[in-house]
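Some structures to go through are shown next.
Next come two complexes, and both contain chain A; in the first it sits with chain B, in the second with chain C.
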Partner chain A sequence: MGGYVDNIKKAQITEQISVQVYQNPAYQSYTTEELRKLIEQKVALEIKRLGLDKPFIRFDSLYGFFHSRAFMYLINALTLSLGRSEHIYSSSGSKQVWLIIKERLPYSVLLFTTASLLVFFASLYVALILSRRYGSIWDRLSVALAPLSTAPSWFYGIILILIFAAILRLLPFGGLVDIPPPENRIMYALSVLKHMVLPLLGWFISGIFVGVYSWRTFFLIYSSEDYVEMARAKGVPGRLLERRYILRPTLPTIITSFALMLIAAWMGAIITESVFNWPGLGSLYMAAISQFDTPIIVGLTVIYAYLLGVTVFILDIVYAIVDPRIKVGGGTAA
Partner chain B sequence: MKEAFKELTRYKSALVGLFILFFLVALAIYAVVAIPYGEAIRLWRGSEAMWRYNPRTAAPAWIDYFTPKRLLHTVILDSEVAQKNVEVLSERTRRILITYTLDYKADVFPSELAVVFKSRYDKKPPRVEVIWKTPDGREFPFGRQIPSGAIHWYTVSQDKDLISNLRGAPEKILFQDPKDAEKPIKGIHTITIKAYVFESDADIDAEVIIYGTVHGLAGTDHLRRDIGVALLWGAPIALAFGLGASFGITISSIIFAAIGAWFGGWIDGVVQRLTEIRMVIPTLPILIMVGLFYSKSIWVILAVLIVLNLIESSVKTYRAMFLQEKRAPYIEAARSYGAGHLRIVFRYLIPRVIPWLIPGFVLAVPAYVFLEASLSVLGLGDPVLPTWGKLLSDAFGHGALYHGYYYWVLEPAFLLMATGFGFTLIGYTLDKIFNPRLREI
Partner chain C sequence: MEPLLKVEGLKLYFRTTKGIVQAVDGVGFELMPRTAMVVVGESGCGKTSLARAILRLLPKNVHTYSGKIYLDGQDVMQLNDEQFRRQIRWQKISYVAQAAMNALNPVIKVGFQVAEPLLIHKRMKREEAMRRVVEAFQIVGVPTDFVDRYPFELSGGMRQRVVIAMALVTNPQLVILDEPTSALDVLTQANIMNSLKGIKQEFDLTYILITHDISTSSELALEAMVMYAGQIVELGKAGHFYLEPLHPYSQKLMSSVPTLREDKELDFIPGQPPSLINPPKGCRFAPRCPKRFSACDQEPPMVEYKDGRKIKCHLYA
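So, the complex of A and B:
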């Protein structure tokens, strides 16, 4: 019970133990039959230790469920006991999955939070301006350029590397800092910044056009609402109109899309990071894939799930703050 | 539908999109007709012997027109252009001299040199030697050896003895101008193969290959394969994958949405909850797992992608449309004449929303085309088929950008971009046509 992956795991264990036993000089005097028995015993022990003898999942009774492997894995994931990796080490030499991930997490967050913030606010700002000048040449240009966003950021990354690193030799091909890393803290930060330019730009190009296009359409729809027309007729100045009558009611939508974009950034960065050799979670994922390091892959998925959960949770609180219509507790009295 | 097409041609952007689409389809049809599926796989996955006469990582030939330097096309000197002299030394032993002349005009060095010996003998193999005479009269004898078998490849550029004797790469030193080491010398090289054969009916022939720096319409990759094959075959695969995924997913979503909206109650609830669950399941990691543990075949990945997205987030949008349509008088009319549930769903509800669905369907295609490329870049591309994504990932993985093989990256990138642009242009215009509210904005 447990499927194909279990079979792979069991075969791995059997092979490992056979090799260990055959290479151990202490067992040299054993006959083949004895060796076989010994290996069998050890394999059974190991399978029991890893819990592979237990059923993957059971629903027959509560006891059965709590003692199935699925529950065990769930508890491990929730408590972040992610176990040990198979091949990959952290730079401090540890094989603890959590330590490896903890080491990479800040770099991913640094790059992609910056990138998302940039894309998000730039597209909002530009979209607001364009929605004011609907039909102008800039407006039509932004519509014409929207198809540029169909390509993912790694694609632009490769093109940007080609232009700025390979042909112009202005910026580095990838990586986090210069080699050797500068001693001085400020120089170190500047060097990191220099390495961030191209991935940021790639992310920016692939996100900005569709961002501007969709926000522009969104604002245009909202600015033709009756209450906006009314305010305009009353003579509310343009800026105030935008802030109070267009931005304010659309804030929950804006915040939701921002949060979802942030998560998407952390998730979709796998290829961008590998293209730019950025030592974040994405390239860790890539390394784990190529080396079949299952604990790392599972660990990363768990971390992503946590990030998603936390973001949605924070989102709920923020909603209540920005939109007075939403009240926790369902009280009807104002 | 016909009217929509007519209206489509009124928009300039859509015309550009249609033109790109037409070009892609033509390319795809040509690829499938000119190089059948099996042949494409054989060409792409066959042994290196298939492409042995091609240079490695050579740029496309048309680059020659845009550079001031004259680039080198591969030159193969075979027995047809050779002079062959046979000298009888004894009863059995003969000396064969094969002389080739090479008029070298390029401004760049060759990328590689090789000699192919084709010998015919019974027991005792011939002995051979190459004597290379440069235009300025220097003479280099090298490559003394006994060719084994009927066809023997002697890769001059990898001859370690020769490299250490010449103190440099043979393809460079043999062509160097003595006055300026960075420039090749122009003029006539004379290459002589001196061979001794030891049997009365033994014979030998040779081909001298001077590998160029440009090749064909599209250039070659690190395994000497013609990139053109992959560019051509990438088109039908990209179209099939993009259209297949987009079509399958749109159709299944719309059916689920219609069923949910029509029946309501717990069926609607199940569809809604499943959609919500689907929304938090990330696609890419699952595809990665499938590629890793099950199969990397592009068709399996396509099937998994469709199954994964049977219900996608757009179910919510479609459902909202259906809820509106459900109360329309014509549906009531259908019910009153006694139409069954399925009849109403498939004959009345779904056809009604198809106009709204088409733009979304077209707009989703590029995303799936790029998804295939993304998977290839992750190393999970189809192991046998040549695709654009595979080309990009090969190029990137083999340092095309560091070494300056820009064509290798730019060609697939251009086609991918063109596909994306074509579909998006058509999609945006269709959106304008079918959703008139957008036209005002």
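So, the complex of A and C:
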């Protein structure tokens, strides 16, 4: 056994098994001594089953390292055998980590893909307009407002809940759908939409200011390139100039930012989902952390890591498509 | 004959944190069709700003942009930005930017970039425009199969030629060349200068050639303008200027140019060009001028010399 978390886990297991044993009518005829022995055996078995009898990590010998729990988690993670959770169940009653994650993923994807798309395209659009009007009142205002994004989305979420749910009673406090859920599919969708408004708004407010600010600066830098100036001299009209001479050369950066933002969004937001009681991966993360459910935490992390790896790999191929300066393979240079 | 370009009292001031920069301060000149004017002066004297002011390529921190510019008799300062874009840019004036190495969009094929003004201003079909591009490439000496290449696949000299082809493709009347050869090796410089000379004669073009390379520019120049601290100090026929510069600054400038046949000691101008923020009162060259006298703390008038040259100096008043 290892650190303090292991002690907590061990105490949890002992308590759980004691309660089970004492409440089981089959053991009513046992003496206290026999019960104590039975509990001890069952606890030892459970500890062995969870692998808690092995040290968490060891570096004293190669053998020790290969037989530590960390190595076991690592191998399981790499081979995507996410195994079974320790405490958390899926709503269908399964303890398979895959199933639990699969059940939660769509809700996170729904909420945060929408939110991220909104923030991304809104900030890109506003930033382009502002970069055209460098130094104007709106531009200076956007710079001044940028620090508003230092407050996280759940902070704005709480305020929004206070205003729109508690005081005005226009929108629900949280959750996915009304209770009881509407039978009609369209009504169901509308109900989900209604529950999405406040988390979306919170996410949007906390993301938009810094998004606008950073893209505006980005576009300002690239709109002073010589070839942009030249295109302007050529009489390329404004919109076309932006598309062909600012957005097009910076497409790899924009795509990268977009892809990484999207997969980060799929993994949900831990506190925002908890604040809004949204049944996505974020609140699953929260539950897993508070219950020391290692397989779930490892599972979520590993899926994100694989998603990141695959995305970066795909991005490398996309770069070669959108930027002629990058070539695939060792093609002869012209 | 009517001048092609007439500029009067052109001012272009920039706003900076240290104050107002008077980059172009009351410049006026006339340019006849089919001539070539060379604009010389030290770095930072306002040559490039003058080109940008004529093309209305203004940076974001403009403080003052005023004066009169007549092109072919038309008062272009009256046009709004959209009219200026449609009627003037690449229709009548084209531009070869300084640092043409970076004047091409890195992710678009050079052929398309050269064709772009035709597509925008002449509403040409793409195939037709590409045929014109091939012609333009032949004129400036770029292999015609380069149309499908990207800028990074071209050498510096080739890129420069592509930018020149881009400036010629719509048959504008006036081409402003801002140091078209400054980043190139001497052989390529000479090559490009020769091409420019041939093109000018062939297509009846008018050039404004901005340079600090006085010797190379003499190949092309018919008129000469010397700028100092945002103002014109000497303006006239290039032949007169190259043989016998009148303004003390022009004289110093010419004596700093090495020549092959003459045996002369190269001269330099002591001191620094003045800051264009709060430039000195009176003659702006006075602090560095070897011939200064009491009158020089007054603003010198523009004096017409007997050969028709205009000199901004008290010596000729």
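Just a few scattered comments:
Methods note: the second predicted complex is superposed on the first by the 250 of 334 C-alpha atoms of A that agree within 3 Å, B and C clash if a C-alpha of one lies under 4 Å from a C-alpha of the other, contacts with A are read in each partner's own complex, and residues count from 1 in each chain.
Basically, a contact is a pair of C-beta atoms (placed from the backbone, for glycine too) under 8 Å apart; a residue touches a chain by one contact, two chains touch by 3 or more.
Note that the structure is predicted; figures quoted are calculated from it, not measured.
Applying the stated clash criterion after superposition on chain A shows that chain B and chain C can sit side by side. In the superposed pair of complexes, A:217 makes contact with chain B only, with no contact to chain C. In the superposed model, A:134 makes contact with both chain B and chain C.
By the touch criterion defined above, A:4 lies against chain B but remains apart from chain C after alignment on the C-alpha atoms of chain A.
When the two complexes are overlaid on their common chain A, residue A:173 makes contact with chain B while staying clear of chain C.
In the superposition on chain A, contact of A:150 is made with chain B only, not with chain C.
Once the two complexes are laid over each other on the shared chain, residue contacts for A:290 go to chain B alone; chain C is not touched. Residue by residue along chain A, chain B and chain C are tallied for touches, and B comes out ahead. Looking at the shared chain after the overlay, A:66 reaches neither chain B nor chain C. With both structures placed on the common chain, the touch criterion links A:308 to chain B but leaves chain C unconnected. Judged by the touch definition given at the top, the superposed model places A:161 against chain B, while chain C stays out of reach. Across the superposed structures, the minimum distance from chain B to chain C, using CA atoms, reads 8 Å. In the superposition on chain A, the residues of chain A contacted by chain B and by chain C overlap at 134. If you check the complex, the residues on chain B that touch chain A are 13, 280, 282, 284-285, 288-289, 292-293, 366-367, 370, 373-374, 377-380, 392, 396, 401-402, 404, 406, 409-410, 413, 416-417, 420-421, 423-425, 428, 438, 441.
Partner chain A is touched in their complex by these residues of chain C: 55, 57, 60-61, 85-86, 88-91, 94-95, 97, 99, 102-108, 116-117, 120-121, 149-150, 152-153, 163, 166. Chain A contributes residues 134-135, 225-227, 229-237, 240, 244-245, 248-249, 251, 322-325, 333-334 to its touches with chain C in the complex. Looking at the complex, you find that chain A touches chain B at residues 4-5, 134, 143-144, 146-147, 150-152, 154-155, 158-159, 161-162, 165-167, 173, 217, 220-221, 267-268, 270-271, 274-275, 285-286, 289-290, 292, 297, 301, 304, 308.
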